[in-house]
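Each of the next two complexes has chain A plus one other chain: chain B in the first, chain C in the second.
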Partner chain A sequence: MSDFVFATAQYESGDWDSAPLVPANIIDTIARYTSIDIAPSGVIVPLSSPSLFRYPLIYLTGHLPVHFGPSERTNLQRYAERGGLLFVDDHNHDIDGVFHKTATEELSRTFGVPKPLPKTHAIYKSFFVFEDGPPTTSHELNGWGDNLVHKTLSGVEREGRLVLLYSSKDYSSEWNYHPENKKFLSVDNTKFAVNLVVYALTR
Partner chain B sequence: MRSRAERRQVAEWLLRGALLVVLGIALWRTFQRDSVSTITRSTKTSTFATDFAGIVTNPAVGAIDLKVDAMPSRTERDALVALRRIGVIVRWSDIPPAIAVEVERTREPEARARVLVTAATRTPIALVDSAGLIDSLRAGADASVEAVSVVGAVRAEQGRFAASAYAPVPDARRAVLVLGRADWETKFVMQALNEAGWSVRARIPTAPGIAVNDDGLLPLDTSRYDVVVALDSSSAELAPVIARFVAQGGGLIAAGAALEWEPLRRLAPARAGDRRPGRILLADDSVTTRDLPLRPLSLVRSDAVSLQREAPGVTLAARRAGLGRVIALGYDESWRWRMLGGASGMGAHRRWWSSTVGSVAPDRAAAALSIGDGAPLASLVFALGKPSSPSAVSSQGGARDPLPIALLIMAALCLLAETASRRFRGAR
Partner chain C sequence: MTALDRLLRLQRSLAIVLAARALLVATTVAIVLLAVVHVFSLPAWSVAIALLSSAAIGTVQLLRLRSVRSLSRVALWVEERTPALRYSLVTVADGVRSAGLDEQALQMSWWTEAQRALLKSLTLPAIAMIVALALSVALPRASRLANAIATRASGSSRGSASDADVLAVVHVAVAWPAYSGRPATTVDDPTSIEALVGSVITVSGKGEASLVTANADSSARAVAQRGDGWSVTLAMPARPGIVRLHSAAGRDRLIVLAPIADAAPVVTLLIPAHDTIVRRAIGVVPLHAQLRDDIGLSNAQFEIVVSSGSGENFTFRATTIARTSLNGRTETTLDARVSLDSLKLLPGDIVQLRAVARDGNMVTGPGVGSSETRAIRVARADEYDSVSVDALPPPEAEGQILSQRMLIDLTEALVKRQRSLARPLLVSESQRIALDQRKLRKRVGDIVFQRMGGEPLTEEGGDVPERGKLTAEQVLAMADSATGATAGNVLDVEGDETPILAINKPLLEAFNAMWDAGRSLEVGEPAKALPPMRIALAAIERARQAERIYLRGKPSTAIVDIAKARLTGKDKGVASTREARSIVDPIVRRRSATFERVSALIAHDPDAAADSLLLMRVDALGTAPTLAAALDDAARALRKRDAASVQQAWTRVRRTLGGEPVQRTGVPAWQGAP
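And now, the complex of A and B:
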C-alpha cells in the first residue's frame, strides 16, 4: 500500500515553482488532521512525462503565461480520462493577469470550459464543512491582485467527479509559508487543502 | 347336492372350454395379422415432418428406417417416440455431429451472454442468434464466447446440424460495498466498478472517528448487497458482519490486512504474504498485472482454487464459504494498472475488477428457458436408443404385442390344471 504523494506540476512555460512551500505545508496539514498515509515530502512532475500518471492529484500554479506543449496537453487529457484531478491556482489572484487568461484558455482547450462550482459541491464537505463555499484568502481581503473576493471555484467534471479544479483565490500565496508558522495563526488557513486531498482520494 | 368328484368334472370341462376359447382367439389373431401385411418405411429427418401424416395414417407401416440428415427438432423426436409407443419399430442411422451449447449470464451489471460450446470435432461452428451471426469458432473440446446481447435462441450450427439454447433472463445486481482507507486503490476500485455499472457504496475512514460514508450502509445482507470488497485493515470493525453476510450467500473480495482479521481469516482462501515491489518502469513502459507491486498469497487452503498467478506466486485464490464465495487478492495497488497501463490499461482494469466482483456475486439469474435444444444428439439417443444400420431390422426389438404371450400362458395353465385334476382323481 503506497503513501499519498503530493505532486507539483512542472510545465514548460512559466514559473511553475512560484510557491515552493505549499507542498510541505499541505503535507503537514494532511498529517495533522487525517489518518491518510502521506509521504513526508512532495515530488515535482513534468506534465509531459509518463510519471504524471503515478500521481492522480497534481497541483499547478504560477504567475506567468501558461502554454502547454502537445505532449503536455495529450498527457493531461489522458490523465483526466483515467481519473486524475488537476488543481490549478492563480498565484496572481488577478483575473486580468496573464496567468489567468492564458491558463484558462489552455485548460479550456484541454479539458473543456471550467464552470463555477455550487456552494453545495462535495468538495466543500469532503472533510471540513465550508458552508459558504471556498474559504476566503487574506490576499482577497487585502485587495491585492484584482481586488475581488471570488465566491466560487470553477471546475470541469466528468461522470460526476472533478477532473479540473481552478481557483482564482491565490491559495498559492495563502499557503506558501513554513508549516512551523501555523502556530501563529488563530485559524488554520490550510484546512481547505484537506478537503481537496480527501475529495481526490475518495471520489 | 353334487359330490366333490362331480364338481371336479365340471371344473375340468370349464378348463377345456377355456382352452378352446384361447386357441380360438389365437387362431383369429393369426388370420387378422396375415390379412394386413406390415411394411417398413424409409424416411429422412429433413422430410420427416411431411412424411409423418402418411406414416400415422397407414396401418401397414410397422417399422421406420430414419436417416438423420438434419438434426430432428424436439417435436419430431416426440413424434418418433409416440410412433414407438403405438408399436411402430423406429430405427435410425447416420449419427449427427455431437454439438452442445449453453448460454449463461455473467453476474455483472452488463449481464453479457456467455455462450459455451462443446463439439466432438474441430469442424468450424457458427454461432448465430435471431439477429444474425455472433461469431464462428472451432470448438474441439470446448470454447466460450461472450456477447453483450443476444436475441432469441442462440444456435451453434455445423452445416445442417445445430444445437440451440436460450439465455436466462438477467436479474438486477445489488450494490457492492467497498471498505478501504483513503488512498488511490480505494478510489480507483470504486471508480472502475462504477464505470462498469455497479452500484457502489463505500466506507472510507479519513481520520480517527471520521469516515466518508454512504448513508444507510447497514444492514449488510444479500437483499441489499452482492459483494463486499475489503481492501485493507479498515474493514476490521465490520468483520463479524461480513462473515455473516458471506455465510448467507454474499461474496467477499479481501486483500492485504483484511485477510488477517479473525472472522475473515476463517473464510479466506489464503493469507497475504510479504510485499514484493513492482517492476521498475522505463519511460514508455505500460503497466500490466505482471508489473504491479503485490503481496503474493501464502498458506493457500487445500479447498481453495488458485485463479491467477504471477512470477512471485499466487495473486488470486477463491473458495466457497457457507453459501457464499470468497476471493483473496494479492494486489493492493491495482490502480497503477489503470493509470500507467497505456491505452488499454483503464478498460482492462475496469473489466478485471468487474469480472472479479461478478465471480463472487450470488447467482440470481432466472433459470434458462427449457425450450432450447442444447444437446440434440444426447436427446436423440435418450429418446430412440442407440442408432442402428437398416440391415439390422430383425435384431431390433421395437414394441412387442403382449397378446400372444398372454394367450400362450393362459392355454398352458388351462391344460396343466385340467390334466392335473384328471390325474389326481385317477382318470386318464
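And now, the complex of A and C:
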C-alpha cells in the first residue's frame, strides 16, 4: 500500500501558496498521533491536472479572488464524484473578504451550495472528538479578520460523505508554522487536521 | 363462604364488568367514527373530534360505577333477580350478622344467576365492536367499488349533477407570472401541470363546491362555488407537489404540480478573452459580454474588483460600470471600456473583471448570472523575466519587421525561380533574404537575453563577429552571469531544467534554426535554408502558445522526520471505522422498490397504481426529470387502460430506473463463450 501524500491545490488565480508550512505541519501531526504511512513532504497539484485523482484530500487556501477555469472546475467535479475531499480554508478569515466571496461562489457553482455542518458530524469524531464542533483558532479569538468566532464549518455531501469542507476559521494561519515549533505549544492546535485526514481515508 | 363474602365478590365482579363494558362501547364508537372520517376523507381535526367523542361516551359509561360502590344496592340488584331471598341478602349487606340469616341467604345459588347476567351484559357491546371493526375494513373497499360503478355509469351520462360526476371533468387554467409575459393557458383533464414557480393555478369542474375537498402540500384548500361549478386556486410551489381532489362520493383525482424553475441568466465574457499581464497599467481595455436568459433579462453590468498588496496585507476596491436596463430581452450583448489609467494601478495589483446579469423574476428571484472572471495583473519590476509572451498583436515599432513566415515565402519563390536565374543574381537575392533572416534572429536573441536580465546581443549587421549557435547550457551560463548568480547556484531549479530555460527553449530553438537558415542563404542555397526556416517558424508558434509560468518561487519545503515524530503525541484518538459505500444509490433503490409495489397493484387496482405513479413522479421531478416524464407517460397509459401503451411505458420506466448501461474502461468487451 502506498503512503498517504498530503496535497496542496495550485489554482490559476490567487495566491494558492500563501501557507507554505501547513503541509509539513499536518504531516508531522499525522505522524505524531497515528500510524498512517505518510510521505515526509507534501506535493503541489494543479487543479486542472489529472494527477489530482491520486490524492484523497486536497487542501486549498489563499487571500485573493478565486476563479476556476473550465478545466479546473470539471476536474474538481470529477474529483468529488470519485470520492475525494477538498478542504478549503479562507486565509483572510473574513466573510466580507474577497477570497470568501469569490471562493464560495466558485465552489457553489462547482459542487452546490455548502451547508453548515452540525456539531455531531462525523468529521468531528473521526479521530479526536470535538464535542463543540470545529476547534477555535487564535485568529478568531484575537478578533482579526471579520471579528467573528465561526461556530461551524460548512460542506457539501454526496451519498453521505463530504466532498467539500469549507472553513472561515483560518486554519491556514493557525497551522502555518514549522513543526519543530510545536514543542512550544501547551496544546497542539493541529489535531483537527488528523480528523480531516482520517475522514478522507475512511469515508 | 358466608353470604357477605359472596356479596363482596359479586361487587368486585360488577365493577370490572362495568369498566369493561365502558371500554367496549368507547372503542366501538371510536372505530365507527374513524371509519367515517377515513371514508369521507374528512380533515385531520375530525380525527381528534372522533377520539374525544368516544372518550366522552366511555366516561359516561364509567359513571355507572358509582352505583356499585354501595353494597346494599348490589344486594338489591341481586334480590331483584332472585325474589325468593326475601331481603335476607339486603339485611346481610346492612351489617346484620346471624347464622339463620346467612343460611337463608345462601339457600338459593343467586351468584350463578348474577354471573350469567354480567356476562350477558358484555355480549352486546363485544358483538357491536366486532361488527364495527369488520365494517371499518370493508367500508373503504365498498366505497371504491361504488365509485367505480358510479364512474362507469356516469360515462354515458356525463354532466349530470350526481356526486360522482363533480370530478369527472377537471379543467386547469394557468396564469403565468406577469414578468414572463406569457398568456394564460388552459388544460383539460391533466395528470400534471407544468408552469413557472408562482404561476396561479385554477382547478375547476362542474357541480357543487360542497361535494369537493382539495388538499395540496398536506393542507386543505378552499373550494369556491363559481356559477354552476367549483374551483380551487393555488400558486405553483417551488418544489413539485400534488393536488388531491376528493368528491363526497369517494372519488379521488390527483394532479401533479411540476414547477418550472426560472433559470439564471447565462453570461459569457468574450473580451477580454483571457487573463493578461501588463507591464504598465495604461490604455483602455474593451469589454464585451454576451447575455442570455430563458424568460427575460432585467439589467446587466460589469463588476470590477481591484486587489492590491501582498503577503497578509491586501486591500480591495470594487466598482461597477455600464449598468444597463434590458427590458426583458432574452438575448443581448453588453459593451464597455475600462481605462486602466483611471484605476490608478500599482505594480502587483490585480484587476478582476466579470459581467453580471439579472433576470426580471420578481417571484423567486431575481436570478443572477455571472461570467467567468478575467484577471489583468500589473507585473512587478522584479518579475519581468517571468512575464509571458501572449498572443497579442506586435507593438507598432515591430510592425515593419519581416516575419519568419514572409521570409519563408520569399525563399520558396526564389527556389521556384532558381533555374531561370544566373548564379550571381541568385546569390545576390539569397543574401538579401539572409540579411533579413539575420535581423530577425537578432530580435529573437534580444527577447531571450532581455528576459534573462542580460544585455541584448551586440551583433549589428554583418560587421560584428557572430556568436553562432548557442547551446542551452551556454544561454543559461550567460543568464547566470547577467543576473549575478554564481555558477553553482542556479535560479529556481525544479526537476531537470530551470523554469527560465523552459520558457525560452522554443525561442532558443528558433534562434539556432535561424542561424542554420541564414548560413545556407549566405552561400546562395535557398532550398537548403527552407527546412531550418520552417523549424524556426514552428518554434516561434510554440513560444506564442506557451503556458504562462509564474516565477513566484517555490514555497520552502520542510521535510518531516516521520520516524522521529511517529506516535510522540500525548493525546490519543480513535480512528473511525471505514464504512462500505452502497453500490446502488439509495434513492434509486427506494424508487425501484416503490415501483415494484406499484407493479403489483396494477392487476386489482389500476387507479391506485396510477396515483402511486404520480406520487413517484412528484418525488422524481426535482432530481430525475427523465424518470418523471416516463412515470407521467405510464400513469396516463394506465388511466386510459391501454395495455400496449402501459407495457411500453412500464419498460421505459424500468430502463430509466436502472440507468443507461455504463461502459467501464479496463473491462474487456464480451467476446462470447470461450
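In this text, the second predicted complex is superposed on the first by the 203 of 203 C-alpha atoms of A that agree within 3 Å, B and C clash if a C-alpha of one lies under 4 Å from a C-alpha of the other, contacts with A are read in each partner's own complex, and residues count from 1 in each chain.
By our rule, contacts are C-beta pairs under 8 Å (C-beta built on N, C-alpha and C of every residue); 3 or more make two chains touch, one makes a residue touch a chain.
As the structure is a prediction and not an experimental result, all values here were calculated from the model.
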First (chain B), second (chain C), both or neither touched by A:T202: both
Partner chain in contact with A:L107 - chain B first, chain C second, else both or neither: neither
Which superposed partner A:F127 touches (first chain B, second chain C, both, neither): both
Touching partner for A:L117 - first (chain B), second (chain C), both, neither: neither
Which superposed partner A:L21 touches (first chain B, second chain C, both, neither): second
Partner chain(s) touched by A:E159 [first = chain B, second = chain C, both, neither]: both
Dominant toucher of chain A (residue count), chain B or chain C: C
Touched partner set for A:L64, first chain B, second chain C, both or neither: second
First, second, both or neither for A:A193, with chain B first and chain C second: neither
First (chain B), second (chain C), both or neither touched by A:P40: second
Residues of chain A that lie at the interface with chain B and also at the interface with chain C: 33-35, 126-127, 159, 161, 198, 201-203
Chain A - residues contacting chain C, complex: 12-13, 17, 20-21, 23-24, 27-29, 31-35, 38, 40-41, 44, 63-65, 67, 69-70, 92, 97-98, 102, 105, 122, 125-129, 159, 161, 178-179, 188, 191, 194-195, 198-199, 201-203
Sites on chain B touched by chain A in the complex: 181-188, 191, 194-195, 202, 204-208, 210, 212, 232, 256, 281, 283-285, 293, 332-333, 335-336, 338-340, 345-346
Contact set on chain A toward chain B in their complex: 1-2, 4, 33-37, 49-50, 53-54, 56, 81-84, 126-127, 159, 161, 198, 200-203
In the complex with chain A, residue positions of chain C that touch it: 275, 305, 307, 312, 314, 316, 350, 352, 370, 372-373, 375, 552, 555-562, 565-569, 571-579, 581-582, 585-586
